[in-house]
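There are two complexes below, and they share subunit A, which is joined by subunit B in the first and by subunit C in the second.
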Partner chain A sequence: MSASLAAAANAASSPDEASAISVKDMRKCFGNHEVLKGISLEAHKGDVISILGSSGSGKSTLLRCINLLETPDSGEVRVDGELIKMKPGRDGNQVPADIRQVERIRANLAMVFQSFNLWSHMTVLENLVAAPTHVLKRPRAECLEQAEALLKRVGIWERRNYYPPHMSGGQQQRAAIARALAMNPKVMLFDEPTSALDPELVGEVLRVMRSLAEEGRTMLVVTHEMSFARDVSSKVMFLHKGEVDCLGEPKEMFARAPTQQFGQFIANFNK
Partner chain B sequence: MDYDFYLSTMWSVLKALPLTLEIWFFGIAFGLIIATGLTWLRASGSKSGEYFTRAYVFVFRGSPLLVQLYLIYFGLSQFDFVRHSPILWPILRDPMYCTIVAMALNTAAYESEIFRGALRAVPVGQIEAAKAFGMSPFTRFRIVTLPIALRLALPAYSTEIILMTKATALASVVTIMEMMGTAQKIQHDTFRPIEVLTCAGVIYLLLNLSIARLFAWVEYSLSPHLRPAPDQSQQIKPVPEVL
Partner chain C sequence: MGFLNSLKDQLSTAYELLAAGWGLQLLWGIGWTLAVTMVSMLIGAALGSLVAAAKLSHRGGLRFIGESYTTVFRGEPELLIIYLFYYGGTQILTGVARSTGSIGSTDILNMPSFLGGVLAVGIISGAYQAEVFRGSFLAIQRGELEAARAYGMSAWLRFRLVIMPQVLRLAVPGLGNVWQLTIKDSALISVTGVAELMLTANKAARSTHHSLLFYTVAGILYLVMTSISTPIFDKAERYTSRSFLRPK
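This part shows the complex of A and B:
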């Protein structure tokens, strides 16, 4: 009953039912430095969008503005058709109008961080159960069961009672991905998930991410892994100096760079 | 060596231990409550709250506890309104209450600084993860910030508690016959300072040893994630190519 009501409400507020995330003209400054200069992004359900760009191009900021870890100065974000309500703040920039709405939307947008950010005082299993029980108020037994299944899936069930500092980076990141999955998120946000890993540990994390993409999850992935962007994602977005330089199908973009900037960018990686 | 004298002194001083523990317990208990309030005020982000706590810490950390105790016990009773107040006077005319008030006010200044430092040392990423998973500020504080900050605060907090144990000896200057007061009386009666003060010193040492052990145990049991990694021999399977 409530699910169908929610679906009806979503359908009413969204002209495009397949839209998972829609960003319009997002701007963000840090001091005098304009990091995002009006970015728009459309992610449909099932899309895997790789966001590429050199350091300082604004790709992480874009991701963090979508779940409001950073507050965008202007622009609008819709998640599953629902607009995140903003209001004018004291300094003229907008601030979230309803923090409860933001919290509810964040619970649908699980994030995987570059530095894992697992809660170090909890075991892996507790890490997976914390948010579902305290945010979604699901029964603990059910969360535990799901957590164990997710840990089996990412291959670290044997480490379920370990504390994060006792695991390798790759294992920690797989635990972090499982923690995100435990929220049954509508969209997953990955912020350079393999950048803090030793080269030999990157593969195990990418394999998990690839399997998520293959089961049709909606993912926004900020990454430097060109092979992932080319082979796994359904769209590639290239940011340059806070603007969308080009956007398209990965096969075409990697076969023939649509812009000079993107050409130089991938040339640097192929060296 | 006069063992009988040692034994009888030991016994006399030990009989004052409950009084010492009483001052100690209520001093740190009320101190903790005040420190929690100060920390909250400081972290709340209000400018006036910050100035108040800074002034508080400046005054109570910057002056000797003995001065504070004298001012509270001898000083405040000089004011007519204190002597005629139905609330203040029953507290401030009693040396026991005065000592507890002085200790609580003093330790709260130190503890609020310890807690402030611990809160600031909680890794930003862990709080950010809690935010990103939709936790409300209260849940975030309860599940992530507080448990991590408590563990960070514990070593410095245990030191402060040990300092307070020793500070209870100051109660003897406002006529309280706790362990130090008792020891001084025996010393005055017998003129044998070495034996008497050695007995008192040994009891304080043993008391602080148990407090230190207790805190070490609490710290150990709260920090399994900071101990060496458990047995890694249980190999985990590599991630299969197809999941």
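This part shows the complex of A and C:
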């Protein structure tokens, strides 16, 4: 366990003012397969943490356990200092104690998915205002105004009345990022946002993500984009077989791999 | 030439019979047939969505109830269900009314024929609609439901904003088929005495002895009703699936 990881685990036990997300000793099994073997993670406000790992390392599961799309078997999640309350379930693993609390916290953790997951029966604009008006109960006019501004920002304002299936993958993903921003989230969760895109469309999505990082948004990014991890993120976390293999500053980690596993991992990418 | 003359005679008899009042009665029959079909479809939609929800439930008990419903009501002859509701309903109503003393001990309280009929046809229609709704729900992209959860939508919001609009969109072609089935089933409730198209055609055929004429006319009218509904459902399908068609 590296020193920085120990520091992170330490911080998780005493949530401080600047903590945006704090995960403590999270475990998750699918059947007999233990996907997360006690993971801790601390994201401060403004942190951009890239979560790397080969497929099956548990990185997507970690992200999905933070907003409880998957229920972690054990462990703690705090968002903005608030502990997500859990209670023992029937099979001995924990389940959410208060679904209202979970829904409220999810609204603060906007997620961007690998396969976009825009609502296909709504236009882009409707996709952006659906959750802010119905979940956050903000006035529709205000949401529409914000939605149009966000679509201009991600460069697809002229597609605002299109249905998602009529757009390219890159446009859909930018719309999905705008949908996330429309929630004014405290933290943004990116689950392999460029993995389903044709190579020539990756750039336009990464540019938007880079600009979000530069304006100081708190982001957890599961990705295979080494350039993003190295150049944009403030921390890199490398998962291997369900455990945190190493965690640190991207410049240092990419200059000299702190573990053999991570060294092999980046070597494979540079091939 | 004898054949043509006889055809001419036939046609003028047909015209006279229809003009003498049977035509108007058949029109009323169409009205009742459409009323029975629509009310049955609505009853079926309510039952069908509940049954579909039960069949999709995580709870074994609810799933069993849903499965039993669709198995029974699709597996029994429609006529049997109608008899069961109409005559069975009459027996129950009579029993209850006699025991509370609201009718004499030899009186009979009939099941209202329209109500008994639409309940029976609606329940059958519900079994078919349940399958349509279930299939439509399963065709929704899982990721879209997940996104709805991830954005903090409650179960009700997910249903109202994401599930229901998509189920309706995907269900339109299937519902068109159920609508045709239900029009045809509505003919069976002539046995309860609702003056819909089948009963009217029957009455006309028997009292005028022109069976060939009236059953043919009724057949054509049923065909018109079922085939007019096809373009209407096609149009509805184009509207509800507009997000999947290429923009013009």
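Assume the second predicted complex is superposed on the first by the 256 of 271 C-alpha atoms of A that agree within 3 Å, B and C clash if a C-alpha of one lies under 4 Å from a C-alpha of the other, contacts with A are read in each partner's own complex, and residues count from 1 in each chain.
Quick note on the criterion: a residue touches a chain if its C-beta (ideal position, glycine included) is under 8 Å from a C-beta of that chain, and two chains touch if they have at least 3 such contacts.
These numbers were taken from a predicted model, which means no experiment stands behind them.
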- request: With the two complexes overlaid on their shared chain, look at subunit A and say whether subunit B and subunit C clash or fit.
  value: clash
Task: Of the two partners subunit B and subunit C, indicate the one touching more residues belonging to subunit A.
output: B
- prompt: Who does A:R207 touch here: subunit B (first), subunit C (second), both, or neither?
  reply: first
Query: Thinking of the overlay built on chain A, is A:P165 touched by subunit B (first), by subunit C (second), by both, or by neither?
result: both
Message: Contact-wise, after the overlay, does A:M111 reach subunit B, subunit C, both or neither (first, second, both, neither)?
response: both
Task: Scan A:S120 for contacts with subunit B and subunit C and give back first, second, both or neither.
output: both
Query: What is the contact status of A:V232 with respect to subunit B (first) and subunit C (second): first, second, both, or neither?
result: neither
- prompt: In the superposed arrangement, which partner chain does A:V135 touch: subunit B (first), subunit C (second), both, or neither?
  reply: both
Query: Same subunit A residues contacting subunit B and subunit C, which ones?
result: 67, 69, 103-107, 109-111, 113, 115, 117-121, 130-131, 134-135, 162-166, 179, 183
- line: So, in the complex, the side of subunit C touching subunit A is made of residues 141, 143-144, 146-154, 157, 161-162, 165-166, 169, 242-244, 246-247
Query: What part of subunit A is in contact with subunit B in the complex they form?
result: 67, 69, 100, 103-111, 113, 115, 117-121, 130-131, 134-135, 153-159, 162-166, 171, 174, 179, 183, 204, 207-208, 211
Message: Per the contact definition, I'd like the list of subunit A residues that touch subunit C in the complex.
response: 67, 69, 99, 103-107, 109-111, 113, 115-123, 130-131, 134-135, 162-166, 179, 183
Message: Which stretch or stretches of subunit B touch subunit A in the complex?
response: 123, 125-126, 128-136, 139, 143-144, 147-148, 151, 222-226, 229-230, 234-243
